[in-house]
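I am attaching a structure below and will ask some questions about it afterwards.
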Amino acid sequence: MDINWAQILLNSVITGSIYLIGAIGLSVTYRLSNFSNFAHAEFITLGAFIGYWVSSQLGWGLLPAFIIAFLLTGTVSLLCYRGIFQPLAKRGASTIHLMIASIAVGFIIRYSIGAGWGWTPQYFLNTWTTYEVGAIRITGLWLLLILVTLTSALTMHFALMRTKLGKAIRASSSNPELAAASGINVNRVILITWFIGAGLAAIAGIFRGASTQVWPMTGWDIILPIFAVVVLGGIGNYHGAIVAAFIIGLTENIGVVALTNLGLATEYRMALAFLIIIITLIVKPQGLAMFFRRA
Amino acid sequence: MSIIPYLLDFVVFVGIFGIMALSLNLEYGFTGLANFGKVAFFLIGAYTYAILSQTGAPFYLCLIASALTSAIGGLLISLPALRLREDYLAIVTLTTGEILRLIVKSEDWIGGGIWGITVSPAIKMTGASPTSKILVNIGLVFICMAICFIIIQLLTHSPYGRVIRAIREDEVAAEALGKNRSKYKAQIFMLGSAMAGIAGGLFAQYLRFIDPYMFLPIVTFTVWIMVLLGGPANNWGALLGAALVQLFDRGTNLIKDYFTLPIDPTNLQYILFGVLIILVLLYRPQGLLKESEIKTEALRSARARGSTAKNREG
Amino acid sequence: MPEEALLKIEKVSKHFGGIYAVNNVSLDIHEGGIWSMVGPNGSGKSTLFNTILGLYKPDEGTISFKGERINNMYPYQIYARGLVNSFQTPRIFHSMTILDNMLVAARGHQGDSMWNSLFMRKKWQKQEEKLIDEALNLLEFVELNRMAFSPAAELSGGQRKLLELAKVLMAKPTLLLLDEPAAGINPVLAKKIFRKLNEISRNGTTFLIIEHRLDLLFEFASWTYVLNKGSIIATGKPKDIVNNPVFYQAYLGEE
């Protein structure tokens, strides 16, 4: 069989990009707030729906869709944190209780969306031109995705490394007590990461929704690969997540080829990411972070 | 629709989920093992039962096999995962459940893939009325539940129960006091999985048909709500939680039949589920019934002596 | 003195990142009596204890107990051989009653096994009765018996320390390591406790005790090791040690 490696590589970059934007918020909030927020899946879904609503139902175009989805989802995330997770943490809830609470919050959001928009899959109305460059095919949507991912990855990198806020985030995630003692308002840092993280998740949701379908499970469908990125990259490690996202993207895309050749169901490509989660947590829970200084 | 079969159906589900809640309570409530993959063992039990029933095996053999395969599954998964941090264990078990579901979904030869598998009647009841069939199922389910309840009750009110609670509180301290924490955790994981397997078997036996979509992570989450609502580390609490959550489930379903609401009741049901669990965690994190103290005969008599001694002094 | 040391530590080191918490320590503990260890805060005493107990793996060196290498064993295996410790910061099981805390610590309770607890309930009930009596006696000694059936979470800081001590005495160990058992305990009770330990030591339990209170060591300890910055800098009878200038330098810092 003829394998188009260039296309596979490109597809991996595309898959990885969605996972990366989806994963950053989960990774940083997991680290800072000490529990994995399963409702992150619903932030992705919510973003997809808001994007769909603004661009396809209201017909305002994509750019407003991105901005409104980012801001609204970020706000919902802040409300969840301030209204539910923070009070729980203040009452001494355990990690497990917080995780269960996040699943509950996810339910509320997911089924509210289901009540509002219904469970029949919806599709973005945009049409995308397909470009052919040599052996590879790429749609306008993918080009946009790559552009957005690159811009946000670079912005985040410089923000983390150069700005005061970035340094505060890094300090808080490597040692919250020390950060607080040295005058950083850790609480404010946490609020900001919950906002931005969910905003980015919303962007990932729009891309995912525009390339597949929009329905209440849009986020849950990809939450485990996103977990794989978080875990493999090292919880709270930004640079680790970047590398991990593309590893997971590659695994999935090469996996599909390998599985087809082995005569196995392509559904198993998800299982590969799941196995990566399990193996990383058991063998090396700090993930790729061992190669990076804390960021 | 007549109310009687509906009520009986409710009772069957209380029993099946009662077993699930009891077993999660053993794992999480008493031992502190956050198993987010409960549904995986439910699935193993159900598929084992279904496949074995088609060979004509009697129900008790099918049930025993369900317990065994789930226990083995529990052991295999627990061995590498036992020294993990609690949140990592949660993620690993959740993921394992999804892998398992993916496998039964993709491999048609196991249980018919997405088309599911029918369960042969392992209990011969030709000619019986539907109601008496449900009654037989109720009997079977509640006998199994009673056995699980007694086993867990005996176990948790014994020196063994003391050890697993110590492991839950501070596993390093428990190990420094000579307890092989990995061994205890593996045992609990096996026993809990075996019970979940039995629940899965009963589920298959009652429904007579299973498919992969019955084993979504939501099943796990429902069992968690039961345990957290009823009260972790209290076996009566687990049963109470199972009954209340089922009642809640049925209640919202009934509403669907009798009222017209502006919002789809299924969505409303899950939204209320979410609200309920958050309220419980915020305002009653210990659940409805509080943790039961360890009771052994020796402790009881010591306590009695203690109080008489105090009375004499006073 | 018997030829072979009960506990033999040879060239043991343990570091955390760049800090050598324990640095090339060798020492012998022989059977009988109360042995002690002193040293300034942060000198590595607790780290050494935790390394002996198998909670930390030593980076270098060997540890043997009764002639058997134990430095690759799990803590529960070391405990089973009769080497037990109490923690400096008490690690008690908060939601369990004080009496249950004591009973967890008992060594060789037959009901600890799943099979026995389910099917041989008669077998361990008798044993449990005896253990409860022992536990109540020990609790009476540390003045906690009136609270035996209350949750351990209700104890004060000092009382937690007392429970930590009482609970390891339940194990009837061959060698018992105590990490500052008298810290936070009122002086009268502290003295009473040391007298009791002394009495127990005559019945076959050897003690190695970390203690900052020199007066107690003068009275009860037969031998002492001085640890500073992870290394043993002096050893001898407590009375002689205090006259050793090295000892003062360690406590007062470099002059």
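Going by the order they are written in, the chains are A, B and C; count residues from 1 in each one.
By definition in this document, a residue touches a chain if its C-beta (ideal position, glycine included) is under 8 Å from a C-beta of that chain, and two chains touch if they have at least 3 such contacts.
These numbers were taken from a predicted model, which means no experiment stands behind them.
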| item | value |
| --- | --- |
| Touch-based graph of the chains, sorted into line, ring, star, complete or other | line |
| Closest chain to global C-alpha mean, per-chain Cα centroids | B |
| Mean-CA-position distance for subunit B and subunit A (Å) | 32 |
| Computed distance of Cα centres, subunit C from subunit A, in Å | 49 |
| Euclidean distance of C-alpha centroids - subunit B vs subunit C, Å | 41 |
| Complex contacts: residues of subunit B adjacent to subunit C | 151, 154-155, 158-163, 165-166, 169-170, 172-181, 187, 191, 291, 293-294, 296-299, 301-303, 306, 310 |
| For the subunit C and subunit B complex, residues of the former touching the latter | 53, 55, 74-76, 79-80, 84-85, 87, 91-97, 99-100, 103-105, 107, 109-114, 116-118, 121, 124-125, 128-129, 132, 136, 146, 148-149, 167, 171 |
| Interfacial residue positions of subunit B with respect to subunit A in the complex | 28, 34, 36, 80-81, 84-88, 90-92, 95-96, 98-99, 102-103, 105-107, 221, 224, 228, 263-264, 266-271, 273-275, 277-278, 281-282, 285 |
| Interfacial residue positions of subunit A with respect to subunit B in the complex | 35-36, 84, 87-88, 91, 93, 95-97, 99-101, 103-108, 110-112, 114-115, 224, 227, 231, 264-265, 267-268, 270-271, 274-275, 277-278, 281-282, 285 |
